[in-house]
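Below are two complexes that have chain A in common, paired first with chain B and then with chain C.
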Partner chain A sequence: MTLLEFARGPALQWSTIILVLGLILRIAGAWLLAHDKDYSRPRVDAAWRGGLRAVFSRFWPHQPFVRQTWFHILAGYVLHVGLFVVVFLYAPHIAFIRDLTGLNWPGLPANLVLFVGALTAASLVAFFVRRLVHPVMRTISTLDDYLSNLITLAPLVTGILAYAHFGGRYETLLAIHLLSVSLLFVWIPLSKLAHVITFIPSRFQLGAWLGRRGVKA
Partner chain B sequence: MAVDEKDFQMFREGTQQLASMAPPSTMPDERRVEVAKTTMLAKLTADMAFELESCVHCGQCAEACHFYQATHDAKYTPIRKLDLLKRVYRREQAPLRWLHRLYTPDVTIDDLHEWQELVYDSCTECGRCFMVCPMGINIAAMVNVNRQAFANAELMPAELRALEMEQGSGYSLFGMGPEQVEGFLTHLRDSGVNVRMNESGVDYLLLTSVVEIMIFRDALLATIRVLEHLGLSWTIHCEGYEAANFGMLSGVEAVQKVAGDRVVRAVKASGAKTVLVPECGHAYPSLRWDQANLDARGQDFEVLTVSEFLGREVEAGRLKLRPIGKGKKVTFHDPCKLGRHSGVFHEPRVVLEALGVDFREVESSQELNWCCGGGAGVFLLNRASGLRQGAWTIKQQQLDATGADSVVLSCASCRLNFMNGARAAHWDKGIESLVELAAAQLAD
Partner chain C sequence: MRNDLSLSEVLRQQGVSRRGFLKFCAATASMLALGPGMAPVIAAALEKARRPSVIWLSFQECTGCTESLTRSHSPSVEGLIFDAISLDYHHTLQAAAGTAAEAAREAAMQANPDGYLVVVDGSIPLGNPGYSTIAGVSNVDMLREVAAGATAIVAVGTCAAFGGLPHAAPNPTGAVSVSDIIKDKPIINVPGCPPIPVVITGVLAHFLVFGQLPELDGLGRPMAFFGHNIHDRCYRRPFYEQGKFAETFDDEGARQGWCLYKLGCKGPVTYNACATAKWNQGTSFPIQSGHGCLGCSQPDFWDQGGFYHALSAGTSTSGVGLGVAAVAGAALGAASALGTRSSQHEARREVEQIVNSQPAAAGCARGGEQGKK
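Then we have the complex of A and B:
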């Protein structure tokens, strides 16, 4: 089995299994803790509406916070939208997913995706540097934060190198790219990157808690 | 309607003595660590677990916190205040605890000592940080879990320990118990105020507080005047008159329940359908949201805070107020526990509108209002005075930007903190009570 065959085959399969099972474990493990029934009289019924609202409204901060958190808004949007574009709108990725699932959709021009990929990588570097220099971020950062940053950066960098055929044989570069994706898949459920899914119940509970008190989250 | 300077001064001096009144704790250190951890684990819910699982360590919560903003010291970053809770969760309850244990240090007695300042002195549980957090992490609620853990480990600040022990044992506060309160009310009645005491078959049970009796008597008199003006049937009941709950503020749930149960007994004895909470921030959520859960059954009475009650009566057309006029420029401070924690935003504004004043909303208002820095018992902590004053400076700037001549409040704790802050900063704007303003303008 060549490195590429390994990366494409067992590595990706197993890391995907770990990704899915790991995230289920993270969610189920938290879910199994106590769910306290709230006996107080709600100010507003149907608190779940507040929860649902918060899941979406927290994609953008309240106006008075915009100026103070501009870095996070800018770098955060570039990072998250950028990852979406690179993962789901790059033609070879779409083809890869089509071969696995039969689903298909149109992609964006490769040059544009490359540009977005570079911007996305830059946002991660910016986050990394800010983590090192900003007193608040430096104080609360853990190894998880730095590793999560680098492990997210890896597929972007290896992807760009593979696209550019830079630094080695194309097959080897592609294999390294796929292995870095596998590493990311394994890392997500083990780290703070699990927020890709836990952000939903987390935002929901605050929105619902405030919602039943008549406060908009 | 002015507060008697002498009363205020005496109260301030009294609070400075509180720490010396707390009996020293003799709990051994290992036991403290064990008790703190056990409490944290017992209090962690699924919701909190999702929150702790979701933090991305972005640090944006610091932007919302008055204590960080006042000091720019990263140790006051809100999420850092939960560090011990997070470590206990990660090591003992998290789905990946087998992994986390390898690199997450256990909580030590030194940690508990270090974090005491973070969960008491530098957090008013105001909740402004949960308004900015992209993950919706309710840091305020989890700081309260920390306080419960610290309280059980007998590691709360001495001032709060003195008060919760006093309230838990004999229902007195600041040396004033049921007998003295009854004496004060009788004296009021003898001097011509229509105080209704220990009546039954009434609609409203009015609570007061020792702080109101000691310093803000005008607010109590104003509330009574409004109730009488509206011709409502009401009573103050000596079985349960105290709104303040130092069990809640210190984190001693048993005392919180004892104090809440007294009010519930007074509700039963009076037959009231509605409990009227005076101008006191934390008293409202304690009774409105927590008490039913401490009882583990629903409440068959309604809880209203006085600003909420006034607003409803005005809206229903039952309470008519004579307009003061636009010459009076006021702004309003939403107490965190009534506003952000309880949704009382609309009603006080209805009252201000009925008063016809030139009302100026602060920037970043209502759900996003800045805390004054004195809530959750922080006002009483001697060693927190520097932090508090720093936080109050932010509040002062926010108020000044409105151009108002006075700020209207509906919480006695905020009022005390504003008076203190204003005095230290030589701030000369007015600090007024909403119910006092309304009661002075009752129209026939």
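Then we have the complex of A and C:
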């Protein structure tokens, strides 16, 4: 079995299984926990609307903190929008998703995705450096933070190298890229990167709870 | 045809002009990625070259390789060069049959004690000697016997080079490649299902001119023909860059000639000269005809997932498998939550006991209860 056969076969198969199983386990495990009853009188008829609003409203920065947190806001947008473009709008990635789900949509030109991918990788490097040099960030950072940063960076770097055929034959670089993706898939449910999906129920729950009290959050 | 004639003499006898011969030499130099100054060298060497004896062994194969070589180029200059080698044994093409055919093979081996060229197409079954025999001799025995006196061996086609289709899982005949059996002779792999005719003539020309093997890659393939992947030389590559893909074989993208990557084209990981040398005298190649590359010049290409699955898709992943994983995740999550709930209830009871045991706090708690009412 060649490296590419392993990467396209067992590695990708088991990593996607771990990704799906792990994320759903985390969401179901948290959602089905016993929650304290809220004895307060509801201020609105449908608290779920507050939950739904919170899922989307928190994509925007909180105005009072913009000046102090501009770096995180800017780099955060570059990182997350960039990852969205690279993962969901690059044709080979769409083909991967289509193979699993049957869903299909148009992609962007490869050179544009490559440019966005480079920007995204740069934002991750910036985050990593800031985490190392900023005293507060260094204090609150854990091994999970550093590893999550590097493991997210790896598929971007290997993907760019594979596209450019830089540093080896294409099939070798593609295999390394797929293996780095597999590592990311396994790491996501085990780490803070689980927020790729848990941010939705988390925001919803908080928004609904606050909405019940009449707080527009 | 006499074996002591030079190639130049043979070609002249067959009506090939000096100009046509030199054009072939220039084309061969170009194909082999040699400089233009090498064309006269090739011409001079080919003019002097004696017709080498070639023994062609066909084992566990479909004859597609022979069909490719003998039909698609005739009567080109490459075809005449092919005629100009002394093909002393080829049980599909030769007139002799049975004992006479085998006698021709043995005669060729005895008449060329300094060596001869062996061309093999087809894989060699090791599971049982009876799976494939020629005149009662198993393929593996015949290969070992003939290879012993060979100068070099050319493994033509993916079956001979890597095992090919017979080697595909579960490999019922125990098929192996030539290089799995012969370890002490130079072997050139010219894979493809079938290989491009001009590639085999180019390899033979190189051997005749330089008397040695061309530069080979890690899989024993001539770098001149297998040095680049199909994707990098494909005329549809610009559409890949633009993000324009055919989604089905009959959609607008397919009619516009857009990239076939999403339809399973394996061009990015397939090394061959299809996109440049093409087939049928440079007429076309599979991608130009509207079908993605199958990767036929790569080892184990039958076992690389479906032909119509994109290269970026996993070969073992499936929506059903992920559905099962999702259900299992939900079940495990629910079990985990239920397990934790009992701990939560226990903790809550302990808190209530503590609260109730303290009069002031109990009063507050009772007040709270009344407030709720």
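Throughout what follows, the second predicted complex is superposed on the first by the 207 of 217 C-alpha atoms of A that agree within 3 Å, B and C clash if a C-alpha of one lies under 4 Å from a C-alpha of the other, contacts with A are read in each partner's own complex, and residues count from 1 in each chain.
In this section, a residue touches a chain if its C-beta (ideal position, glycine included) is under 8 Å from a C-beta of that chain, and two chains touch if they have at least 3 such contacts.
The structure presented is a predicted model; accordingly, all values stated were derived computationally and were not measured.
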{"item": "Touching partner for A:39 - first (chain B), second (chain C), both, neither", "value": "both"}
{"item": "Partner chain(s) touched by A:108 [first = chain B, second = chain C, both, neither]", "value": "second"}
{"item": "Touching partner for A:31 - first (chain B), second (chain C), both, neither", "value": "both"}
{"item": "Chain B versus chain C as contact partner of A:4, first or second or both or neither", "value": "second"}
{"item": "Partner chain(s) touched by A:194 [first = chain B, second = chain C, both, neither]", "value": "first"}
{"item": "Which superposed partner A:16 touches (first chain B, second chain C, both, neither)", "value": "second"}
{"item": "Common interface positions of chain A, toward chain B and toward chain C", "value": "25-26, 28-34, 39"}
{"item": "Contact set on chain B toward chain A in their complex", "value": "44-51, 53-60, 62-64, 68, 72, 74-75, 77, 79-80, 93-96, 99, 103, 130-138, 141, 288-293, 295-299, 302, 339-343, 363-364, 367-368"}
{"item": "Touching residues on chain A, where the partner in the complex is chain C", "value": "2, 4-5, 8-10, 12-13, 16-18, 20-34, 39, 91-96, 98-102, 104, 106-113, 165, 170-171, 174"}
{"item": "Residues of chain A that touch chain B when the two form their complex", "value": "25-26, 28-36, 38-41, 43-44, 54, 58, 61-62, 64-65, 68-69, 72, 76, 134-143, 145, 190, 192, 194-195, 198-199, 201-207, 209, 213-217"}
{"item": "Residues on chain C engaged by chain A in the complex (per definition of touch)", "value": "229, 231-232, 240-243, 245, 247, 261-262, 268-269, 299-300, 303-305, 309-319, 321-322, 325-326, 328-330, 332-334, 336-338, 340-341, 344-345, 372"}
